[in-house]
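Chain naming follows the written order as A, B, C and D, and within any one chain the residues start at number 1.
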Amino acid sequence: MTNNWGRWGADDEAGALNLVTTGVTRRAAGLVTTGQTLSLAQPLGPKTPAPGHRHQPARFMNRDAGDYALGARTPGGFKFAEDTVQFATHSGTHVDALSHAWSGDELYNGHSSALTRSTQGAQRCGAEKLAPVATRGILVDLVRASGEPLAPQTAVGPEDLERGISEAGVSVEPGDAVLVRTGWWESKGSSDSYFADEPGITEEAARWLASRDVALVGADNYAVEQQSAEPGFPAHLVLLHQFGVPLIENLNLAELGEALSVLGRSTFFLLFAPIPLVGSTGTPVTPVAVL
Amino acid sequence: MTNNWGRWGADDEAGALNLVTTGVTRRAAGLVTTGQTLSLAQPLGPKTPAPGHRHQPARFMNRDAGDYALGARTPGGFKFAEDTVQFATHSGTHVDALSHAWSGDELYNGHSSALTRSTQGAQRCGAEKLAPVATRGILVDLVRASGEPLAPQTAVGPEDLERGISEAGVSVEPGDAVLVRTGWWESKGSSDSYFADEPGITEEAARWLASRDVALVGADNYAVEQQSAEPGFPAHLVLLHQFGVPLIENLNLAELGEALSVLGRSTFFLLFAPIPLVGSTGTPVTPVAVL
Amino acid sequence: MTNNWGRWGADDEAGALNLVTTGVTRRAAGLVTTGQTLSLAQPLGPKTPAPGHRHQPARFMNRDAGDYALGARTPGGFKFAEDTVQFATHSGTHVDALSHAWSGDELYNGHSSALTRSTQGAQRCGAEKLAPVATRGILVDLVRASGEPLAPQTAVGPEDLERGISEAGVSVEPGDAVLVRTGWWESKGSSDSYFADEPGITEEAARWLASRDVALVGADNYAVEQQSAEPGFPAHLVLLHQFGVPLIENLNLAELGEALSVLGRSTFFLLFAPIPLVGSTGTPVTPVAVL
Amino acid sequence: MTNNWGRWGADDEAGALNLVTTGVTRRAAGLVTTGQTLSLAQPLGPKTPAPGHRHQPARFMNRDAGDYALGARTPGGFKFAEDTVQFATHSGTHVDALSHAWSGDELYNGHSSALTRSTQGAQRCGAEKLAPVATRGILVDLVRASGEPLAPQTAVGPEDLERGISEAGVSVEPGDAVLVRTGWWESKGSSDSYFADEPGITEEAARWLASRDVALVGADNYAVEQQSAEPGFPAHLVLLHQFGVPLIENLNLAELGEALSVLGRSTFFLLFAPIPLVGSTGTPVTPVAVL
């Protein structure tokens, strides 16, 4: 199988999220043993690292405590504060919608890329088409495996994934979410060199994952895939464009790695609840692991 | 008990979310039977209704298919689109952080309101302090009970909640999330009169819920509580300020109501995964029900 | 002459502003007699009328007096406030840059429209190419002429301009700025019907003005030209695209009309100092009349 | 005289701009000899330098040529592009409104600083109160005087101004605008060190200028006044707060310096046409010199 186009009908915009059937969700719920809940998201705010070509996240207070200090009215003693936020949708922990990357003139499933415009955004495969799912997560913990964060530009190939997963005593099943801990965020997250030369999966690894019918792929780096001097994002094209697999980027996997290590497990109940931003090419998300 | 201040320590900023213990989460996971997953969020975008004093949500395309049609380079055949979004944090389906409402000079738990400023936002009880939780949700379906959406300004008192919950054959337990379906969004969501005169819970109902140690309260209207000509938001003060119970507003509860009705149930596994917007007074959220 | 393409060289992006030679400016400076200075701009802020498809102007305070009331430090007793603004560049009193309107695949002077992209904005004929000029302004005061604001959809043709100008005892000379007072802003500025059915110049009037080598055309309405049920902006194409004449929209001409009436004049020294917004298709401007 | 409070009435919000009488404007217009027009503004756009605590200026295309390349409709052959801009009002070439800086609880003229809030911005002395003026500009060209840009932290005192002005053969008169060319923008404008250690006027120089009844003070650096390790902006307080003299920052004075040098002059007709941003603490401006 070279892609998932047409697999879920000509109109499908949900891609591999379709693989999370009710059966997959039921089995995943059965993984809950301790009840411990972990966020895999980084804080999103004015200090969130952003690459040079994207706008820095911003928060503007529309009403705050200072207004009351200066005499604003308080009907019934009620005071409130509110704010407006602004961010590039590919900032912080976010999911790439299926409209984010393509080649030629078609998005995933043959949707016309010509419907992604300034005026209306992505009219096909926008972030609002990413239905929330609850599924089994598998952590491929390359930091635990090697004892340290991966070096810059380290390529994570199919054999690395295969070894990591088999050492965990599991095998990938349809609808699984595979999260790869490279250690990049932990080691470079507060550094100017975060947005360059990340270690990550290769095109072949992406194809290996897609062929096993995963629903989601995520990593603790800015682009999931390995980055070097050569331009292009081949794993993005394999996963987003050919197989309709959403990518979760800039994950925080350190605490999850620790917790799973203590439990001697690699799998968990994963909840993926993206914000349905209409016409956006990505959206912030707080993936949640329940152990 | 008149409030939850000090209950989880002097530094606590998570409030009633602390009530969702690992035991609560484990039991909630046991509610999953069909594996059906439902989003309770409305789409968030330029057409999302916004009240007059808040900025309309906006999406700006930073790169789109038009740029490629005009000759942008495509290294390795790779094309991508990206965008920036802007919205008031109290737009669409969102959660009120505990910094959103207060009276006097202290937020929930005695945190100084003076730390909510233009420059840094809410330095206490910001949205990033709302840890994700997985708990039992109870739907109080007043549309199903009465056969139609509640009329404008209808007051939902403790007795209404009590009746709705007992008819469902359950009782409220610590850590539960109680969601109230009034039918307001379903009947007025596309109307200019949405942001006025909503039906909703009363101050007494808020106190009743808090006294039962609920972790979360939500509704399918813009402010959870009943609104009439009199100013003020007393239920906000009871829940957010006194008891530290986050509020989820502008929920979409129609499909959940239908699905639960078919199953003859009122409870479900609820995942609450807010975006950790640093210093914000609220954040969008996609609450997810797993049946 | 059917257009001004090539008239000032193949690279020209300033268009008819080139007609304001040093001689034109010197003569215009000679018009100053009373020294009275008038702004022709409307206030620009959150209450500025905006059409439905454009974002409402916004101002966000980044630091304000409330921060000091809450205890912000004041080194040396120094306090300050600052803000961020956001607006559609075609809001309020603004000038249309020559990149704003075109037909076919070329902007004014044959510049490729393909250089107007999401990523970089208008790389040709952006607002930063609108050099400031000081020239003679002529007010065609149709409110004074008819004793009342023009009715909706009133077409102002060449003969109306000709009559208005000859009654003023002047004739149009190269480099002049012609400003047309229709009374639309004065009568409809605070009305919901402002952005529809405006009176204004016709395509023929636009051609008449261009043939007289005017440098600028402005009016006290939202689009300079007459608007009716038929779509299209033919006068925009004549002036911006074919002749490179920038348009000033949403002018406030009431006070100028009064002042000139008192003096028995129709001409004045006009300063046009647009903000050099890089790559923008328009920019706010405060045109200034010195009498 | 220690300040200008009350000088133009208790309600005055225009400050020293009141000094530009019609007589001052008439005489200034008489300075026009060559008719050459020069912009003193820097381009304002995504690449404009911004200090770390302020948001980088941004431009978002709402409609561009790519939309037409992808098939957007063109009624009557008409195509158009439009954009939204966002910037801190103290970015690029801008004027500090009289609400920008104060000490104690009062702005210039005793206006309550408590009216500068998150919700409504500066309700007193906002940028919309800066009436445009046309006056005489005097360039104090310290680059020409010393043959090179001033070194970091160079203090420009009253004697430096006095010498510079007397060498130019003029004396400061009420209503004049004094612009100081330090060479900072020319030498550091594209450098990371631009926003630190600028040369500029001292508190004493500010007082000297105010005592001569200048209407405006500007410079080619980010804060007009000399900056060193010591915190505070004393010249801001003298000029903005005590005397109501608006400051123009980030001017481009290189071309003006060259042109005046060729003509052997130091004075010129200056037009100051700020954008009337309602409630803002500053606004972009394109000051224009007519020689």
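By our rule, a residue touches a chain if its C-beta (ideal position, glycine included) is under 8 Å from a C-beta of that chain, and two chains touch if they have at least 3 such contacts.
Because the structure is a prediction, the values reported are computed rather than measured.
Contact with chain A and chain D alike is made by B, C.
At the interface between chain B and chain C, over half of the residue numbers appear on both sides, which makes the contact a same-residue one. In this assembly, the C-alpha centroid of chain C lies 23 Å from the C-alpha centroid of chain D. In this assembly, the C-alpha centroid of chain B lies 46 Å from the C-alpha centroid of chain C.
Look at where the CA atoms of chain A average out and do the same for chain C: the two points lie 47 Å apart. Among all residues of chain C, those that touch two or more other chains are 55, 58, 61-62, 64-67, 69-70, 84, 114-115, 117-118. If touching chains are joined by edges, the resulting network of the protein chains shown connects every chain directly with every other.
Residues 58, 60-62, 64-67, 69-70, 84, 118 of chain A are the ones that touch chain C when the two sit in their complex. Across the interface of their complex, chain C is touched by residues 55-56, 58, 61-64, 66-67, 70-72, 114-115, 117-119 of chain B.
By the touch criterion given at the top, residues 20-26, 29, 32-37, 39, 41-48, 54-55, 59, 61-62, 64-66, 68-69, 74-90, 99-104, 113-118, 121-122, 128, 131-134, 230-234, 236-237, 269, 271, 273-282, 284-288, 290 of chain B touch chain A in their complex.
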